[in-house]
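Chain nomenclature is as follows: A, B, C, D, E, F, G, H, I and J, assigned in order of appearance, with residue numbering initiated at 1 for each chain independently.
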């Protein structure tokens, strides 16, 4: 049931060593299977963690990525490993979130991409970061990410 | 209580053999009963399953289809059987979702059609695919699909 | 506490025979009490039922109607009886929904009207129908109907 | 801790007799404390009740008011007493809702004001009324009122 | 990072052929790692599908399994493949649900086990099946499964 | 794929005339397929309607039925038709709800049965009726029905 | 379609003057239509208002009443009018809530009755009052009232 | 409309100085108006704040108090002022929560009292404290407090 | 793991005295780490409290701040301390909310900033305040704040 | 504002090196401040992550801990660091969850303790682990943990 399109993929279906730093992670891509029109692909990643660069404490986030592919789509196993590679990476919320977006933009040359980073609270106050690259193609359908707002208690 | 409009339908009310592949499924259509103005028809299909083309494992999705009919509307029993015919079909999320939309566009010549594919998570990360065909008629009322975002645990 | 405006109403406060068919129902109207500006009136009707024209089985729907009145507003008791008169009426989801809208348009000459029909699932797949008549007056405030999407189980 | 701006207020902090009719209620106002830019003030009033003019039965509503102030903002105690004064007032849903909006417009000369009246069901069917006055200033941020739609049972 | 306890497992981490029938599936087990006291393990399986034995149409269910292990716990990859093997199995809701529970009881000799099968609606009416085996050990903490009830529309 | 157990069923898979009164409906039954232990079967019926015996107006309800089978389980198509036969039946909420339960008890001789009738509001006040027959077998797992309480507006 | 049982009722279907004080309201009753076993009847009353005896300000509450009938059940129209008669009654939350329960106990001689009064906040703090009379019959099914707790904002 | 029972109250309806420390606050009480049976009174206090004794930073909590009164009930204005007096009080979550409960027990001699303190997260981890005094009277109806659990993000 | 960019910060990681008045609080800033494009930063602050300038009673709010940074982003510890400094500050809802926004605008020179203040109810009626400064950069992604509306009880 | 009770604590308010393995983490404790009666302390920890011992991939969980203290309560900063020390620890869901509970039992000698581990899905199926130690003291109030069940999509 394999498909010629996927023959070059190195990570999917492989048990190779996982990248330990974002710099080491490789975002693999395959041809966009539906190039006749524009459409939107959304990844929801509730299992993200990185390190605070000042205190060394772990940070956690719920991440949602939307993009309109150009010639390529990202291979999802390599995306998963890329996100996991932040596990020991020290950077601020704004920097992590925008770095993930930038790396995907560099790898995929999408028509448009956006990322929402919904970070767990520190000091009682969560931070969300919302960034996008490029202009959404005319006629693209862009549903709201709809993540529930933080409410504290009660 | 039957109606002349439906006389040619082959699947509705029949117990004929169900199609085993999308290629074998026939999307039947009936005349649009309300051609004076534009309106939107939404199908919500929470019972979709296909096969991963690489691993052979089943995939699951919640599918929502919106369209503004032209001369035809789809007969819903034939739509159900078409969707069921993906049960043993191997294709990626992006390909399945856009293929369903394309087949409906080919069969119905709608003024506009869109499909949202909300796939169950693999590797902890669900993928959503949002695609549309044509331009929504001016004045068409298009409610949000409003499907709850994936939230992991807690 | 009665009001001259309502003197001609035949159904409100009366126990007359209820209409047995949509054709027999009379949508009564009263003068729009607030003609200085445009506004929106919403009716939510979770108690709708009709008959499937092919199988003779009952169908159920949750119906929401929005309109911007012109010279008239509908009297709500007559609306209730009109909706109840579909109880033994055989017609498809698309036909019932658009027929209700059309009858209100004919009776009230509203500036704009829309109807959302949220039908209970058949064959595992619910159908929603969204239709509107006329163009919403500039500056009209039109809140989303916000009906929860169908989710199956779990 | 009192403030010169509030010296003329008659109702705030006073136990004077409450108005028994909307006609007797006085909407007091104070200077808009933030005249440099436009902003929106929202009041949510879940404790509203009036009388049906035909049957004499009590009606209940959940009311939400949004406005962009001009020179004045309403003093909230006087607003509360104004709303309470409908307790024995007989009028239809459409008339009550638009009357509240009109009185506030007359008292405050706001740049823009809107009111949503979400009435409890009668005959199984709730009515909502949505009205606005003036044009929202360019750049005003107007969040959705987001009141949950009526759903019947189940 | 492997562990001697898991050396005998055949399915975990392997890409061997998936079982095509429940009869062919093997539920593998490993030693209970926490035998000092009783505890409860819950699996939530929202991706279940089987075949209606009368109509040949697919059925869908959301399945939740709770058990208090004795000497063994089930290996989760083999559980997943066992559940997937119902994909072409024809049986009624009651039979599928209780068969899953019985097979687990036979394989694991748990102190107690229960299964909730929350089936998607047919004919507008969903069926839930709740079964248990053995008596829950005294002091076992048994949280409610808390699956949302079916609500139709609106 | 049919099964000898079901050969005597008259309604399943048949398009015979639907019963017009509860008195005419026949609750068919098949052998309990899992007699080794006790378990609970739940039907959720959001599509119920009857007639008010005093006013002749339609009433609506969301009905949930739980039972622990003895020798028989109810055939679900016949249950659906039985419930539909109340469409023109005039009786009060308490009477309808308990009559449904009693008929099932008579037909199935279950070890225990309960029914929750969640009726749509009349006069602003919904009525719920909760009844049960027999004593639940020791060790039966009885999840809460969990139907959302009525909340009015806001 | 009327029924001999209801011939003595004075308020149902009548437009007589509504009682102005709880003392003037008459709780009418009819024979319990299902005396073979115990069952529970729940009324949900989201439209309750009374007067604060100290400040004269209106109070609001959401009221839920559960009871197991003895020989009588309450006629719901008379219950509605009884509750409406508190509109100008001055009493504290605890007194209103327990008075409603006591009057029903006196009128109906139920086997058991309980009332939950969920009052709107004053001073930022809502008060709930939960009271019951008699002992619930063995085997009575008593679902939780499940009213959402107050949460403030956010 | 005042009532002899309340004549001795000092804080209700008065604008006297608010207590600045819990030690200075006086919990006033009035006679229990419904001594014939046991019932439960619930206060929900979403506006609580105190000071961390180690860091001096403010802490926030959502507090819910349930009790079954003996001879007295607490006057709610004095309760509000008592809770506000923690604004500059330094103590740990466990100490604040249990201190509030103890003071109420001392002031009211209730038959039973419990308090739930739902504290806002510190270091990503919220703490809840659940304490009770005395034994709930037999037959007391004790609804769950039902406060939503903390969920982080997503 | 510290970073040269943060060397000048005085409050982060320090236990210095917290500011006692908004006038004393210093909003510290660091360079915007992602100046290539526009993006949005959201702070959710559910732990806000101030003092009513007329009555001296505490007020509570849930605050959400969104901004598109220019050259600077706010350091979050200093933001937390700034918000805490309102603890003994007397001002009305409208004034507090707009003052917070203005101070951030002065400190950060953002391209655009908005603030939503969701205040706890007084007199049964909560007030929300929505204000913004500047014009959102073209292409900025601005998700709804999505705070649940106030609903009273039930 | 410090307190003699806390003088021996090493981690609270300190920036010492965080433990890198559970074996290195020290659970500090302080005297139970409320020894007169039993009460329950709940920690909700949505930021937990460990490593799969077979695949080396990260696992995520939402953890809730309830206990009734004996002579000691756990110091929450040390608990946080203990939980963080699992970041590079390889163990199965059942082992991690029960190990956390056991370490707390060893450190605190509580009267009773329970832990719920709500793990993110792997292979589409999440696992929950529920364990407890000791017997809950008579009269302890033990609220449900109330974590939302996993629902897949739709």
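In the analysis below, contacts are C-beta pairs under 8 Å (C-beta built on N, C-alpha and C of every residue); 3 or more make two chains touch, one makes a residue touch a chain.
Just so it is clear, the model here is predicted, and its values are computed rather than measured.
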Chain pair showing more contacts of the two, B-J and H-I: B-J
Identified repeat of the C-E interface (over half of residue pairs identical), from B-C, C-J or B-J: B-J
Inter-centroid spacing, chain E versus chain A (mean Cα positions, whole Å): 33
Whole-Å gap between the CA centroids of chain H and chain J: 28
Rounded Å distance between chain A and chain H, as computed from the means of their C-alpha atoms: 46
Contacts with 2+ other chains: residues of chain E: 13, 15, 46-47, 55-56, 60, 62, 120-122, 124, 126, 144-154
Touch-based graph of the chains, sorted into line, ring, star, complete or other: other
Of all residues in chain E, those that touch chain J in their complex: 1-3, 6, 12-13, 33-34, 37-47, 62, 64, 73, 76-77, 79-80, 139, 141-148
Parts of chain E lying in touch with chain B, wherever the complex brings them together: 15, 18, 46-47, 49, 55-58, 60, 84, 87, 120
Of chain G, residues touching chain I in the complex: 46, 60-62, 118-122, 124, 126, 147-148, 150, 152-154
Residues on chain C engaged by chain B in the complex (per definition of touch): 51-56, 90, 92, 94-95, 98, 114, 116, 121-133, 135, 144-146, 148-153
Chain G contact footprint on chain A (complex, rising order): 149, 151-152, 154
